[in-house]
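Shared chain: subunit A. Partners: subunit B in the first complex, subunit C in the second.
On to the complex of A and B.
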């Protein structure tokens, strides 16, 4: 019996230690839960932002391949850009058709829009900027480039830049 | 008592051990976003896969550039092809005089020999392929994102009822390097155009040969116009030629006559050509040069004329001006006509063999009066006698020393 009483005191002491350990374990578990979640999100964010950028390259090629009829001739947007470079009379049709295509592309945020810039290379001279959205304090996302031959010229070519203009930095 | 104290450390040890395991696990998770590539360099999770997709896209963008270049090159190559008379490089038919420097000759004269360079269907296809490869190279040269091989295509041309299909088969691949590996893709393409240039140019060749034959016939007969100084101009009458090339509205022939040959320079604007990327018209330029092998047409003797000046009478033999523009000299042939006893004449009929007639050997000085040429009959230095009856025949030499070998028009009976 005496021995049993002594054992009871030990039991109380070890229970306190166990309780403290359990609480500490829960706190540590919670902290690591947060940390693991954050670490996971970091990699997901990184892969997502890069894959969105990959999608924009496909969008640019889709845009360039979009069929359009000019002067009764069936051609694509890439040809229309070439025609515009040689003759300004194609400006309205180019802007109209481009806006139509760019507006059809999916946007990740309410205040965001796809814009297209065309440059003459190698001078890097801006030929035209077609914007479906223009806001102050914006962020350029998902930027992608493509190149076009310039009909009738063997020394110059066109560079196209497609990007997403966002109001919010978190839009990607 | 001692045993109980030891038991207190047991859960603490478990807790510490658990924390240690979690730290190791967290480090591992964090490190998994920074994996290493084959070279041992630190890269992010999925970076290799993303780079691979980016490389595919780079290839896709390059292929799009190739397709676009091919579309423009077909039309631009056609302009050069047409301006060079279909030939990319043909030394035998190349221009060899300042007057036709911009024209490739489809028929030319080199060292007094006819060289025929009329392009065959095969020539048309081969030469167009050279122009097309050349034009493609110009576009590929400036492409900044990858190296596109030059002079890289074998072509297959297939004409349908309304279209021409051009299949460009790449012989070398585009190589896009991605760090440790290379991505290789074949930049072949297929283009369709409504301008069926092979059959079109084949038609031009046939029509040009027909025109050349018609022109030679016309020159052989003379222009048929007495006062025509340039029978080639008459023979290459623009309205006549327009009818010969069907469907060609804008058509220009610039004839150039050299002393020993004829040169026709063609400028044909083809209205059936439509370049959707430019308003520039397609002008086909080529030339045809052939030797002047045609003796002048017959010369008709008109008669004799007597003129008395200050009591002195002079007799002139007259004939109509020859219709050839390049007449160099006239030869007069005659044969005496004698009366037969009992009627009739010797010869009974006008001679048909020039060798039976006598040529006046002295230099013939002629004078052109209106539409007629006259020669003052020289009784002193020739065998001609006043009051005698003769058959006269005039043979003409041109500046290329062409003349008929025998009598080509019935000699005329004249008493001088």
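On to the complex of A and C.
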């Protein structure tokens, strides 16, 4: 220390180094304070899971098992879809019963609704589209598929697509 | 001026070595301050979404007596609710407690399950997982105390189910409210 004070040149130089360090410390500290202050306020980290596809798959299976009464005969939705494929006269009852079920599904946003499409495979030809909501500029969420054997045919089968139609992209 | 300054070695009060020291120290300061902020910055990690999802999935997909179970096939049918078991409040609550274990004194999570028959528009008596804590925490949740160490976070989800009654399957909805206190 005494050496530094005796050496006038060294004293000036080290003072400048100290001054520069002090200014740097203040500037860097201020910059990080601002940066981390904003980051701390803006970011709350959410740890979430991706199990919604599991839930919608379970929903589709439950929908297919839902009992319906057609002309006094008890059957489930899977049978009714099969019946509709063979005879269009079951269209109204299929749409009515399906809408009833789809409307009781959970809707995560105010403008959202569940829709069901049925396709004939392997041609991928649309058989019916049952929509509880139809809006412009929508997002498709929680999409799930199920396959049904078609009575009277070993090669053809039905593909069902269930999805949630949302107006807002943040709806999950 | 600069040439003159550089030529006059004696007048150099900032030598090359000193200049290099300044750069070194500036670098060290920057790294040190960065590390300090990284360590001490207030990180908020919200585990509620995943914790509630795990509990929800345990209720929905576990063989806990709530769902139809075929012993011969050893197969569970999630989505088909055993109404007989649901009606036996004591039995089903014990079964839920056994299948979802958060320790002897469960202060981690609680849930309420409300079943509704869609056709009859009838709501049945709710059943609870960790009833004592649920009734304690729900007041805080309803009061909107969800932040901080004493807060309780919660969410309600609605599921379409089929209720297995004596006369067959009937459509219904199961509303599950999950409450988890902040730690």
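Operating definition for what follows: the second predicted complex is superposed on the first by the 123 of 172 C-alpha atoms of A that agree within 3 Å, B and C clash if a C-alpha of one lies under 4 Å from a C-alpha of the other, contacts with A are read in each partner's own complex, and residues count from 1 in each chain.
Note that in this section contacts are C-beta pairs under 8 Å (C-beta built on N, C-alpha and C of every residue); 3 or more make two chains touch, one makes a residue touch a chain.
Being a predicted model, the structure only gives us computed values, none of them experimental.
When both complexes are overlaid on chain A, the residue A:25 reaches subunit B and subunit C alike.
Once the two complexes are laid over each other on the shared chain, residue contacts for A:55 go to subunit C alone; subunit B is not touched.
In the superposition on chain A, contact of A:104 is made with subunit C only, not with subunit B.
Once chain A of one complex is fitted onto chain A of the other, the partner contacts of A:36 extend to both subunit B and subunit C. Of the two partner chains, subunit C is the only one that A:63 touches; subunit B does not reach it. Using the contact criterion defined above for the overlaid structures, shared-chain residue A:17 touches subunit B and also reaches subunit C. Residues 13-14, 17, 21, 24-25, 28-29, 32, 35-36, 39-40, 43, 46-47, 51, 54, 58, 61, 65 of subunit A lie in contact with subunit B in one complex and with subunit C in the other. On the side of subunit A, the complex with subunit B involves touching residues 6-7, 10, 13-14, 17-18, 21, 24-25, 28-29, 32, 35-36, 39-40, 42-43, 46-47, 50-51, 54, 57-58, 61, 64-65, 70-71, 73, 75, 78-79, 82-83, 86, 121-122, 146-149, 151-152, 154-157. Subunit C contributes residues 13-15, 18, 21-22, 25-26, 29-30, 33-34, 36-37, 41-47, 49-50, 53-54, 57, 60-61, 78-80, 118, 157-162, 168-171, 173 to its touches with subunit A in the complex. The touching residues of subunit B, when paired with subunit A in their complex, are 1, 4, 7-8, 11-12, 14-15, 18-19, 22, 25-26, 29-30, 32-33, 44-47, 50, 53-54, 57, 60-61, 64-65, 68-69, 71-72, 75-76, 138-139, 141-145, 274, 276-278.
Looking at the complex, you find that subunit A touches subunit C at residues 9, 12-14, 16-17, 20-21, 24-25, 28-29, 32-33, 35-36, 39-40, 43-49, 51, 54-55, 58-59, 61-63, 65-67, 74, 101, 104-106.
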